[in-house]
Structure formats: structure tokens, C-alpha cells
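Here chain A shows up in two complexes: once beside chain B, once beside chain C.
And then the complex of A and B:
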């Protein structure tokens, strides 16, 4: 009964979740950011009454729609996968984790999805002011949606708001306030939604740069470029500030993530002069960096916002974990005894004593003889502790480099946006074709930053699904390998087709650019609309 | 009755309302998707059909997502178990559900026949398959599902997905769900469509209504001969622990026990049968709006009938009946249910209010969009 799930199935489930989440996260940031950019453009239209801003809103809205569809479609996968592939996880924390997901549906996603149809189709059916309200509701809905999702994610990173109940054998919700005011969730929400604004700004700026280079609709391109550049400067500063805050929070909540992120193996007692690794090649087997370039005096103030806080290294964190593991084993043995006999108050008392460390007991299962914690004894304990302690550290190499790629992309974009805003405000952007080309070719950067940000956050959480409470390998559903291969192949085929169709359409409509307003209606095939073949156009025109 | 028991029953009812909302609204869109190739012969007609549900399919699909989230939170173990036990079926359902939004957005964006025809097939499959799966899943649950739990809550499953898809009773339920979706989709096509879509939908929908009534009656007779589950010495206020044993037996015809103990409940399936038949007549009499509402009543009664039969079971285990998931052991904690109730009480009326507003803004007959129309599917 206590068998572990086939490790291959666990790895395939992780791979599937990571691939589908990263894929979903290609569409989310653009939705988050572009909605507010659309709302801003439309606000200008409603306030000034200038038709060109309506055109801008409608043009960028069309590109928004192409992206939005896949965001919604692939989001559904995420909600399914907790149940289909992480059954134990869903059962174990569903009482807490499911609630923000349900509230997200009730409060945010429903609003966003209902109004998005009216936003696209309702231009002629209501006053400009009413339509503007609709656009703002879409923007608000998508960002509220991110808030609740990240509250749920915050619980995985730093579980607050609930605790384990031996009578229901799961974690139970005890504090709504604790759940929603989780510092990790709060900082991560702002960090992520602003990252969306950066993505939206970069997208609009790069596409506008293309129009300026190809001399297409200068009026729309210049205005869009300036708006995006200014939005971009503000939001990139914001995203870096909040990223820093998030690192600071992690230092307390997830020391293993922080140590891996910075590839710190040894605790440096000289806090003032400790160096920050700019480049490192961490080796797990040798437990050190085989190569590193560090900048002295930077690490401690950067991470802890102080000069004298000690940052524990990976080796010390492993030693620190050992007493927790020992207690965790006791907790799990007592829990099993209590579960077999609810009158066993002694077992319950023992469990209560070590309850906080039960996750480490789960984690030790993998290394216990026959995966049975009852068989851990004085002679094999040191080896179980050693192996389990090593398992508490995430993959350092991935963590270190994912983090650095994200940060590098972020700073590069800050410089780019700053120049863009400067040139644009001086009205000389068109005199810098090389800069426009750089702006165009930088379009993948926000996506690179977002994807590596996700990897930093979720790889750094390993080996846990719920930090300190539930290990990943316990969380998975016990499927067969063939089931997993079936679904993985299906996802790869389906998602590859989707991305091909989306990129094709995105390029097609971005290249076509906004319609020439003077010819609107007269020459539909020349514009960016859903231009049909003449024969087809004729037949359906006759019908209307 | 103590507060926790009240909340458990309340959430059982809300689960039912969600499944009903899902079946009516999403089923309607899926019916339109499945029918599009048949009610629309030309591209213009097919676009007309799509744009009839165009402004609302997305909002409707959210019922589905909301349903998933609500089951996750209010019935964590039911969510954890049902999605895993039906793995392959769920993955197929998921693939259909994610193909559909993409088909809506992308179909009309490229004018070639090959492109549009491919997406039209996607609409057919992604409309019909999920409805069959929805019905088949309910059928399988009525038959009992092969799963049990370890002491620590880990679930184990024993039966293969082929059986879940292909057993005769599940097929019957799947086809019933499909005919109901086609009926509801036809009603919507009639409400917002013009000829020739209108008359084609009328023909198909009125047949689907009668077929649904027949399938529902056959299913009812079949279930009376099937083995059902009975929970003895129930303790409704028990802590929601799925691995703890309950006293459950399997008895032939037990799914009718609740009706035998309260014969007034027979009115629920009866209303359904009448509504399906009356709906079919309403369509023929060109009362499309009335037909739509009769379809909604039919769905409510079909799902109500199943819910009453199984109460308090949510998902009986054929593997270890003692570990069947019931309303008493399958819900979230009391604290969680309180918060879920507060949020539902605030936001469901809000949602209904703005959804109604959006429907009003976009109401009216739909014509095939001009080829140059940027604001249509």
C-alpha cells in the first residue's frame, strides 16, 4: 500500500506540466499587458475624440484577439492537470489551493471572458464611454485573474493559511487572510502582472518599429511607439524592483531556492565582503562551483538589504535539514499508527509534536529501506538522512542560469525602453533606423524573461510541490507510462499545430498593419481585415 | 442539522446547478459546433451559425472552468480522483475543449477553403466528443468506478479506459447528452438565425428532442435493473476523510431507493420527459424561445434525476465500495465551504447580471458577416 509512484511517471508528469505551463505562459503576459495598453489608447480616444486612437485600439485589439484565444485555451489544461496528473496533490491541498482557483473563476475569469466578446463585437452597439468601461473590465479581469492564480501559487511556495489535519489526512484551510496576504503571493502578483506590461510594451514597440521601418501608417506607428516606450520604461523599472523584493522574501521563506539561485555552497561569515556570482558553473557532485566570477561586497546588501545578515550556503542547508528529516520520520510513523486506530492518543500526541516536519518524512520515504519508514533504524539512519538532505536542494545549475537569463533580459529591455522613450519624446525616432531594427529584433526578450522567471520560481521550489509539506514525487497520480506517453504526444502535436497557426496569423496581421482609414470599406481586400476571396466575398455580401 | 452538514448539502446542490449551467450553455455552443456542417452548406451560412454563438461562447465556456475550480475547492477528493481515474477520457475532453476556442478565433481569419474546412471539422469533433464524454462519465459513475485509496490518501485505479468509453450504458448516456446538446444548439440557431439555417435547425432539433426523450426513458428502465449502492449508518457530519471506511453495500435496483422512499420525486424525471416532447412540438410550431427554455428544463430534470438517484453518493467505488466518495466524506472543510459560499453568494448574482447585460447588448438576428467584417468570426 505504501508503494511509491513509478519515478518515470513522476518525471513524465513533471515534464508535461512544465511544458504545458511554459506554453500557457507564452500567451498570458501579453494578455495582461496589452489589455491595459488597449484601455489607455481607448481612453485617449474617448477623452479627445480623435478617431485615430479608435483605429489604434481596434488594430492592436485584433492582434490581442489572436493571442487571447490561445491563452484561454491553454489555461484550461492547467486546471485539468492538477486533477489528471497530480491526484495526491489535489487531494492533499485542494481544500486550500482549490479555493483561490475557484474564486479566480468567479471574480475574474468570468468577467474577462464575458466582456471580451462585447469588446470585440460591440463597437457599434454602445456609446464610446460604455465601450471604454468594457475594455477596462477586460483589463481588470485578466489582472485579477493573475492575482488569484498567484495567490494559489504563493501557497505552494510558502504555505500559509492552512495546516494538516490528521482526521481528514489532508491540509485544511484555516485562515483566508493568511492565504491572501502571503508576502510571496503579493510580491509575485505585482512582479508578474508588471512583467505582462513589459511584454505588451515590447510587443507594441517592436511591431511599431517595423511599420516605421517600412513606412506604413506613420500616424499610428509613431503614436503607438511612444506610448509603448513610456509604458515600457515605467514597467521595466517596476518589474525589477518587485523582482528584488521577491528575492528578499525568498531569502526567508525558501532559503534553498535562494542558495541555488546564487550558487552559494558555503556559508560566508564575512557578510560584508561576500561576493555575488556573476557567472558560475555549479557542480552538484563536487558541491562547489567549478568556475566562478564574483563581484565582492555585492551579495549581502543585494539579497538581504543589509550588511550583516548571513546567507546560508547549500552545504549548511543540507545539515540544517537533517533534524527536520528525523522528526518527519517520527511524525509519519505516528500518523500511520493514529490512522489505523483513532483511539491511539499516544500516536496522535507524537504526531502533533513533529507535525511541522511531516513533509520531510514524506521526502525520506524514497530513501528508506523498501520505501518503508518503519524500517529506518539506528544503523541505516545516517545514510537515509544524508540522501534525503541532498534531495532537499533544487537543481542548482538550472536555477542559477534561469535566474541570470531573466535578469539579463530585464536590464537589456530597460536600456532599450529608455533610449526609445528618449528618441520618441525628442521626435527623432525615425532618424535612427538601426535602433528601430534593434527594437524590432528584441521582440522575443520579454518572453525569454517570463519563461525563465517561471523556471526560476518553480524549479527553485523543488523537491516540493508544497514547500516543506509535500514532495513532488508523492504528489503525482499513479498512471502507467503508456498513459503519459499518449497524453504527451497529444500535447506536443496539438500545441505545435496551435503555435504554427498563431504565429502564421500574428505575422500575417502584423505585416498587413492597420488599414488606411481613408479607404475604409471601399477596398476591403487591401486592408488588414478578414479579406476574403472575391468570389466568396460576393456570395456572402449578397446574403447580408 | 449542524452547519457543516448544511454546507455539504448546499454544495451538493450548487455542484448540480453548475453541472446544469454547463450542460445548458456549453452544450448549446457545442451543439451549434457539431451542427455547423449540416445547417450551413455555404461558407457564409457557416459563419452565420458561428456568429450566432460568437459573442457568448467564451463566457459560456467559463462555466466549465468555473465548474472545474468549484469542484477542486468544494470537493477536492472528487476532483483529484475523477480526473485521474478517467485519465485518457479526460485528456481527450481537454483536447476538444482547447481546440474549440482556437477554431473560433482562427477559422475565418484565412479565406482559403481548405483552411476553413479543416476548422469546420474541428468544430464538429470538438462539439460532439465532449458531450459524449460528459454523458458517458455520468453513466460510468452510475455504474461505479474502479478506484480505492491507500492509508495516506493516494488513489489507485483498476479498470481500463476502454471500458469507460465503450460500455453500453455509458454509450447510451453519451448519446443522450449529444442529442440534448444538438436540441439546445438548434433552439439557439432558430432564435438568432434566419433561413435556410432556421428551417434546417428546426428539422434537426425537433427530431433530437424526441430522441432525447426516448433515450432518457430507456436509460431509466435500464438503471432500475442495474446494481446500485447503499450507504448504511451514515454520519453526515463526519470529517471529510476519504480513506476512512464507510458501511456501503451493493444492491440491484438500489438507485431507485430514493424514489421509493419519497414517490413525489418521480415528478423530476416526469417533467423532463414532458419538456423534451413539448420542446420538440414548440420547435415545429416555430416557438424557438419557448423551445430553448424547455430544453433548459429538460437538462435540469435529467441531471436532477441522476443526482436524486445517487444521493448521497458522488462517485461510488466498485473496487472498494466502503471508500466510495459521498457528499459526507468528499467535501472541503467547513471553513473552506463558508468562504466558498460567501464568494458564490456575491459573485454568481454579479455574473448573472453582467451576462444578461452582454446578451442584451448583442441580441438580435445574425446574418452572415460581410467578408470584410473585422468584428465577426
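And then the complex of A and C:
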């Protein structure tokens, strides 16, 4: 605890984690959503017995396989990163945080990976109904994987189910149920899983639009388009609903995140008429928005679902933090004394008195002379309080705009899916080539929304790794700067190769399109029945 | 014109559903909602696809379809 922390190493560790997480999340949402879309297509096949739906499932399954393989590769490294780059964090919350991660690995990931093999290679080896069950298990398994990871992330956002033990200097479990049913984890799981459904729908819809525009396999394209448009429109309503719930939960658990997300500097006591910022250019140095366009009467009901809840502004939150920081410093000094001598009951009593603010004491370490809280005295206290209080607020500019971009993408997709479902249900989608082009070019939107969603969630949680308990500054390992730069470059190169491989394979196989074999009276073969070969490794020919 | 009206009605229902969901939803039992919601999404979109085939057959009978 007393070693000097190098801020550059912390920043590089953050950059590395952010990059690997954002890379990883390019693959995840498609897996979450496409698996359920495959299961839906296969359900239609099993219920109606129509071969075309089997062929559809196999074709989209081929594209899913490419994404799945690369997604797994990028996810594994992240779990190791906690240990290598965030050893203090792992020590502090490992007991709690490690549990859902272990369950994810042992239960959900094994389930998903085992059945994924059966799904690809089992078409000719089991009855259609049994195969359908397998496809559902893959969909459920991949979403369960996400569930456990998001429970772990929910703990970082709103730590529930654990408490700090001054004897072991770690957080320990108090309630497994508290951890799992954390409201933040619940809303986060559903928001993220459904964001995956939106991504899967957009992917299938956009690629189908491409086939319709190029007149390829209209039989498959029209059906896929229909299914994806309906899947997408309901999912987008779901993602927006849950996004709102997440905002509401954040308002209570993380007021600093909410204030940053909405760029609210001043507390407005006139709750009814308070304006919601549609657009703002927040300035950290001036502590205000240098430009803003607000809509009156919207802020309070939108964020708090009430008319009279006051939303504290950033300036107030900074002032409110100061007593907590002062208490936190006392808690940390007492903790250190208790650690040196476990018989020092007076120190333990002082620690217990201020325990709930210990995180703020940790946070002040960065600004204390020589990072030593014992050196904080009456003369330097005001400056330490000031700097620490300012540090409790995340980067407002990034938070405000990341959130706005996710939301804008969400509403645009809602309108897009609504039109798509409407045109498709009326069987006139091909009469609207411009709309098909828009649908095709909108394909990156859900990925953009997901990436900005994670930026909103994680940038907004700063300066904490575990909100209110453990600051990011003290969470990192004590590597050297050169080691961090070296590993960062390594990751960037490796992951860029993965992305390039994904894009190459996706474009290649999506362009080729589904095979036309069943038109020649053959058994549809795409993706299935190829013992020993990955489904997507087969040659794929196409007629238009 | 009729088509436009149907679309507007559909969209108003959608917006209303969203509005209801937003004002009622905060600390909801979201895991449960996910189970119900996912089942619903799967079933509705599956029926949407099955409906496609019915529409297609109808068109076929009229001799219009090319699918």
C-alpha cells in the first residue's frame, strides 16, 4: 500500500483494458443476438417442416461461427488481464468478483462451447427436434455467459453483497443473492443481452438487404429480412426501456455518473421546469456548458420518473464529497495503524467509525504529499480536499457524448426497424431500394451503440473501479512503463489481426451468400453435416 | 393512404408501449422480464416468418409470386 504508484502505469493499464474490452465487445453482441435468431429460424423449420428455414439457419450459422471463434479468443485474454494488470483490484475484491467469473467459465462458457460444436456438426446425427434443443442451449449458454460477467460488472458499479474486512484487507462476501439480484446487474444484463438481439437483427437485416439489392437468393433474403425486422423492432423497444431503467438505477447508485451523462453542473431546485440538455459542450475548467440546447420540463421526469426529485449538479457533488474525503483519510490512517498492530483496538474503533468513507481516503492518496495520507496536515488539507473532490467527477465531455451517441443510434434503429417490419409485412420491401440501401449502410450502428454504451458505463464509473470503495488509481499492478507499452502494442497488433480476419471472412462469406444447392434438388448442405470440418470452411457457390 | 394510416397507428402503439415501459420500469424484476420478453420476441418473429409463407402461398395461388 505504501509503494509509490506511477500514474502513467495506471493510465496505460486503463488504456490497455479499455482497448481489449472494446475490441472484445465487437464480437460479443452478435453472438448474443444471432444465436437466438438462429434458434428462431430453426423453430420455424421444426414447426413447419419447410427446408428453406433449415437452409437459412445453416447459412446464418456459418457467419455466426466466424464471429464466435474470434470472439472467444479476445475474451479469454481479458480474464487474465485482471490478474496481470489489476493485481491490487484482484486482491481487494477477488473473493467477490472472482466468483461470477469462475461460474461463467465453468458453467456457461463450457455449456456454450460444447453445444456450439454439436450445433455445427450435429445436423445429420440427431433428430430435428434434438438439434433445435441444442441450438437453444447455445443461445442460452452465450447469454448466461454474459449474465455472469455483467453480475461481476454490476458489483463494480454498485457494490452489493460484500463488505470490507480490515483483518484480511479485502472485501468479502456477505450475500450471494445480494450480488446476483443487484438491480444494476439485472438491468445491465437485460440491456446488454437485448443490445445483442438488436445487433443480430441489424446484421441479418442488412445482409438480407444486400441480397435483395443484388437479387441473390430472394427466397432466403425475404424471409430473413422479415424475421430480423420483427426481431429488431421489439428488441429495440426493449433496449430503450432497459436503457431508461439503467439510467434510473444510476441516478441512485452513481449520482456523479448521472450528472456527467447529462452535463448538469448546477443543482436546479425548480424540478418541474428543469431543462434536459439535448446538446451541450461541457467545459471542465469553466465548470459549465459553454454551449447548450436544453428542453425545459423534461429532465426530472425523464431521469427520476417523478416531478419533485432534485438532481444534484456536479458542483454540489464535489462539495458533498469533501466531508467523506476527510473521514476517509481518518479511516485510512486508522487502518494503517491497525494493520501495524492488530491489538490496537482504538485504531480499529476509529476505522469502524469512518469505514463507509474509506474509499474516499484511498482516493485522496493520489493527491497527498508523497502519496502518504499521514502527511496530510491542516495546511495542505484544503488543497487535498479540493483536488480529490474534483477527481470524484468523471470526464463530463466523454460521458455526455458517448451516452448521446448510443441513444441517438437506438432511436434511429427503432424507426428503421419499424419501417422495415412494415414494408416486409406488406410484402413490398423490394419496391423500396433506397430504404434497402439505408438498411444496408446502417449495419455498423448497433456496434457503435454498444461501444459507446460501454464507454458510458465505464468512463462514468471513474474514478472508481469499485464505486465508492476502490479508486482506479490504486487498483493497478506495479509494472514498468516499458512493459505496459510493449504489451499494449502486442495486444493492438494481435487484436487488429483478429478484426481483419473477422471482417475478411464475414465479407467473403456474406458476399458469397447462401448456396443454391437445394434448387438443384440436393439436400441443402451449407454449414451442416461436415464431420471434422468447420462449417464455414466449405466452398460456397452462388447463383443470382 | 390506408397503408400510411396503418403504419402511423402501429407506430403510435409502439411509442405508447415504450412510454408505459419507461414510466413503470425502474427497479423491475428484470431477469424475469428477460425470460418472458425473449420468449415473446422469438415467438412473434417466428410467427412473422411463418406468416410470410402463408402470404407467399396466397400470392402463388393468384399466380403472382416469384419466390
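Operating definition for what follows: the second predicted complex is superposed on the first by the 516 of 544 C-alpha atoms of A that agree within 3 Å, B and C clash if a C-alpha of one lies under 4 Å from a C-alpha of the other, contacts with A are read in each partner's own complex, and residues count from 1 in each chain.
To be clear about the criterion, contacts are C-beta pairs under 8 Å (C-beta built on N, C-alpha and C of every residue); 3 or more make two chains touch, one makes a residue touch a chain.
None of these values were measured; they are calculated from a predicted model.
After superposition onto chain A, the modelled positions of chain B and chain C are compatible, with room for both. Of the two partner chains placed by the overlay, only chain B lies in contact with A:168; chain C stays clear of it. In the superposition on chain A, no contact is made by A:128 with either chain B or chain C. Of the two partner chains placed by superposition, only chain C is touched by A:418; chain B is not.
When both complexes are overlaid on chain A, the residue A:99 reaches chain B alone and has no touch with chain C.
In the superposed pair of complexes, A:186 makes contact with chain C only, with no contact to chain B. Contacts of A:238 after superposition on the shared chain: chain C is touched, whereas chain B is not. Greater residue coverage of chain A by touch, when chain B is weighed against chain C, goes to B.
After overlaying the two complexes on the shared chain, residue contacts for A:120 are found with chain B alone; chain C is out of touch. Vertex at chain A: the C-alpha centres of chain B and chain C lie 120° apart in angle, rounded to steps of 10. Here's the short version: in the overlay, chain B gets within 20 Å of chain C at its closest Cα pair.
Within the complex formed with chain A, the chain B residues making contact are 42-45, 47-48, 54-59, 61-62, 64-66, 68-70, 72-74, 76-77, 79-84, 87-88, 90-91, 94-95, 97-102, 104-106, 108-112, 150-157, 239-243, 332-333, 335-336, 339-340, 343-344, 347-348, 351, 354-355, 358, 361-362, 367-376. Remark: chain C residues 3, 6-7, 10-11, 14, 17-18, 21-23, 25-31, 33-34, 37-38, 40-42, 44-46, 48-53, 55, 59, 66-67 touch chain A in the complex. Of all residues in chain A, only 36-37, 39-41, 43-44, 47-48, 50, 53, 181, 183, 186-187, 189-190, 193-194, 197, 218-219, 222-223, 226-231, 233-235, 237-238, 240-242, 244-245, 248-249, 305, 414, 418-419, 421-422, 424-427 touch chain C in the complex they form.
Those residues of chain A whose C-beta lies close enough to touch chain B in the complex are 1-2, 5, 58, 62, 65-66, 68-70, 72-77, 79-80, 82-85, 87-99, 101-107, 109-111, 113-118, 120-123, 125-126, 165, 167-170, 172-174, 176, 336, 339-340, 474, 477-479, 483, 486-487, 490, 494, 498, 501-502, 505, 508-509, 521, 524-525, 527-533, 536-537, 539-541, 543-544.
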